[in-house]
Amino acid sequence: MPLDYKRFNGPEDSISYKRFTEDYIKSYDQLYQELIDENGVRKDGRAVDEARKMFAINDVVTQAKGSAYIELKQTKVVCSVFDPREIPHQNEFSQLGQIYCEVKFAPFSCPRKRRPHAPEAEERALSVALRKALEPTVCRHLFPNFQIDVFVYILEHDGACLAVAINAAGLALASAAVPIYDIITACTIAVIDGKMIMDPTEAEEHLAIMSPETQTNHGLITMSTLSQLRQITDFRQIGSLDVDCVTKAMDLLQKQCMKIVPNIQRVLVSNVIKYHKERKKLEEEAREREEALNKKMEEWKLLLNAG
Amino acid sequence: MTTNSAEGIGKICIPGMRLSPYNKDHVAGPGTYELRGYIYSSLAGILKMEVDEISKVTIVSVESQKTPSVLPRTGDIVTAKVTVVNPRMVQCVILCVGPSILARPYRGILKKEDIKANEKDSVNPYKCFRPGDIILARVLPMTEIHWYHLSTAENELGVAIATAEGSPQGVSMVPISWSEMQCPKTLVKEPRKVAKLIPENLDQELLPLENKQSNKK
Amino acid sequence: MADVYKLIHPVKFCNDYLSRNIRPDGRSFKQPRSIKINVDSIKTAEASAVVKCGNTAVVCGIQLELSPPKAEEPNVGFLVTNVELPALCSSKLKPGPPSDQAQVVNNIVSDIVLNSKCVDLKDLCIVPDKLAWVLYCDIVCVDNDGSLVDGCIIALMASLKTLSLPKVSYDAETEEIKVDPKSRTKLEIHSFPIVTSFVVYRLNQSNIILADPTAYEEDICGGSGTNLIVCYNKGLFCGTQKFGGSNLSKDCQDDALKTAKERANIVENIIDVCIRNHKNSSINE
């Protein structure tokens, strides 16, 4: 890799200390037993089909037009959206606006290795996936020849980061007042040894794409939907799964996506109420000020007339 | 239209919410879209149903608290700052559309023949604008990819705020005729294409929002 | 309303406020914004801190790696700091390689940390000439609303203060390395640099200084970023840098130094209290 002259670099041959700890390398079976016990309870106490609780707020980045922060326990994602801007190096007239997406991992976000600063293949792939998911969501005909920037920064990665990124981007777009057709929600499912694991953690994801010796279903599926319009905007699957398994997973995913919608709606509604209150307060203050000024005017007028 | 709240805010809408059927009596206004016979919301905000006085149709629209992320449209009045003046045209950046602020400035271009309504050929851009002036202009149909064409060929359009050469920043000149402005400190006179604004109500003229509110009162 | 005025008449907008001895966000000239610190919230990093100074939000995470030391300095470890300004933190930034401003901030932060000797690099050496710690301190700005360097240093110092190093055993003969992440020793912090940023604003032929400026105040005062950075280290004045903007009078400078000194003390206390609270709450759990 070429040296990055715009940042400070550490020594070239440094290795994470975790490489030298005792339990660094584990077999598939060991990991499996660690993550899911015989009763089907996961390491963090969840049932197999149980998703993590979502925490979502918007307008966290004051410098952006709209932004959102979503937390699924340890997965933490910030997203900000900016107003349309000119598309650089564009020569042709295009009727539809474009969406520029960038997903970045913080250097310290991953448990396994340090992320390089320069964009890497996985980030690019996530960016494209995010763009593909958002394109059918945004009313792109309203800003021909311009692009909307959607930046996602993953502060901590503990599984399902694409799904969280899509949820955050949807909330950020809505709070930036970018016209969108519907609220977009997404979630991830991991298939390990034929078991459907809803909303996997990073360790579970890792296990799902590790190929075991047996020929059972294993893989990862991320799906995003527009719930009111009943549309699927993006569907992404890796691993080896048979058709029955995929259709079953889609059913589960769709239900889970519907469950996320109220979370996002609640944030947006409370936001509308908050803004309304603020505006009312400002108007009230302005009226008071105006009244005070008018009073003063009258006083002066009286003085003038008298004197 | 399920989400309702007390405190008299009105109906709160969020994107994807079905607002009304789409038919002869209901049309989709700003912040909404039409799909398969229904009008849906595309913004988070407050529902507005207005009846057009002439055609008697209800315009369904959603009002967002933030400026919706859409671009200046043909016919809009914009506030722009002049950046470059040359013999053929004036370049500027658009800062506001109507009462709303743009987070990102867009580039605008004002051709020599669009500066004034009369004497189009004898207009000298240098005697109308200077870099740094704040102008009011109307958006013309878009013909180039990234440039908005503007026009100031109306009495109410032109320079609204300007600082004379050599005066300290923040001291604006006062219009003394339709083609001249004077600095209150240095008394320097400079030629401009002045917008017809009543000085005391300068802010109000600039900002239709304020006007609407005062009209309501 | 006020926003429109601010946009089309920036100088007058500012003058109107400052001539009445108040700043556009309601603070007095030398009043810094409130600080919020949350340590150890990111579990993938060895130590971390999330810092908010007003709207400016900075996240710092430290990761540990092992590497042989440099041949010319066999008993010294590595401390690598990087400040990342991703495009999401400000509307002025574009995606791509670090902007000039990001590189400048990066350099300032690294200079301050290395020069203050808050971490003795010799502490990071495990076996001379064979093995040393590499501390990767990555500081990410999530929301850039001015006074970035202040936030970066606070986040970095708070993370360093909570950092502990796992025990390493090195077999000289087989060159085998073993790390026990369960037994840890705290990293010793020898000094405590705290930075306060200022901008110099020209108001009616005289200059005034504004402490802990917002992004808007930085823009108004010309130049990218803040105009003046003053660094104090446990009550000792240890550095100042001036970047562009209006010139600085003697009085203003004295004022700035005094303000920075007071603030450095307060900030150090805030960091201590936050770390203590965190420890107490984690014990209670």
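Each chain gets a letter, A, B and C, in the order it is written, and its residues are counted from 1.
As a convention for this text, contacts are C-beta pairs under 8 Å (C-beta built on N, C-alpha and C of every residue); 3 or more make two chains touch, one makes a residue touch a chain.
Note that this is a predicted model, so its numbers are computed, not measured.
J.: Looking at C-alpha means, what's the farthest chain from chain B?
T.: Here the answer is chain C, farthest from chain B.
J.: Would you mind checking which pair of chains has the most C-beta pairs in contact?
T.: Chain pair with the maximum contact count: A-C.
J.: Whole-Å distance, chain A centre to chain B centre, using C-alpha means?
T.: Taking the mean C-alpha position of each chain, the two centres sit 34 Å apart.
J.: Averaged over CA atoms, how far is the centre of chain B from the centre of chain C? Could you give it in whole Å?
T.: 41
J.: In whole angstrom, how far does the Cα centroid of chain A sit from the Cα centroid of chain C?
T.: The answer is 27 Å.
J.: Residues of chain B that contact two or more other chains, please.
T.: Those would be 103-104.
J.: Among all residues of chain A, which ones touch two or more of the remaining chains?
T.: Those would be 65, 82-83.
J.: Which parts of chain C, given as residue numbers and ranges, touch two or more other chains?
T.: Answer for chain C, listing residues that touch two or more other chains: 1, 91.
J.: What does chain A use to touch chain C in their complex?
T.: 6-11, 13-18, 20-22, 60-65, 67, 74, 76, 78-80, 82-83, 100, 102, 104, 106-111, 114, 117-118, 149, 151-153, 155-158, 286
J.: Tell me, which parts of chain B touch chain A in their complex?
T.: Chain B residues touching chain A: 3, 5, 7, 9, 12, 14-18, 31, 33, 35, 40, 42-46, 64-71, 102-104, 106-107, 145-146, 213.
J.: Give the list of chain C residues in touch with chain A in this complex.
T.: 1, 42-45, 48, 55, 57, 59, 61-68, 70, 78, 80-82, 84, 86-91, 95, 97-98, 102-103, 106, 110, 134, 136, 138, 140, 142-145, 166, 168, 177-181, 215
J.: Touching residues of chain B toward chain C in the complex: what are they?
T.: Residues in contact with chain C: 79, 81, 95-96, 99, 101, 103-104, 134, 161, 169-170, 172, 203, 206-207, 209-210.
J.: Name, in rising order, each residue of chain C that touches chain B in their complex.
T.: 1, 3-5, 7-9, 11-12, 15, 91
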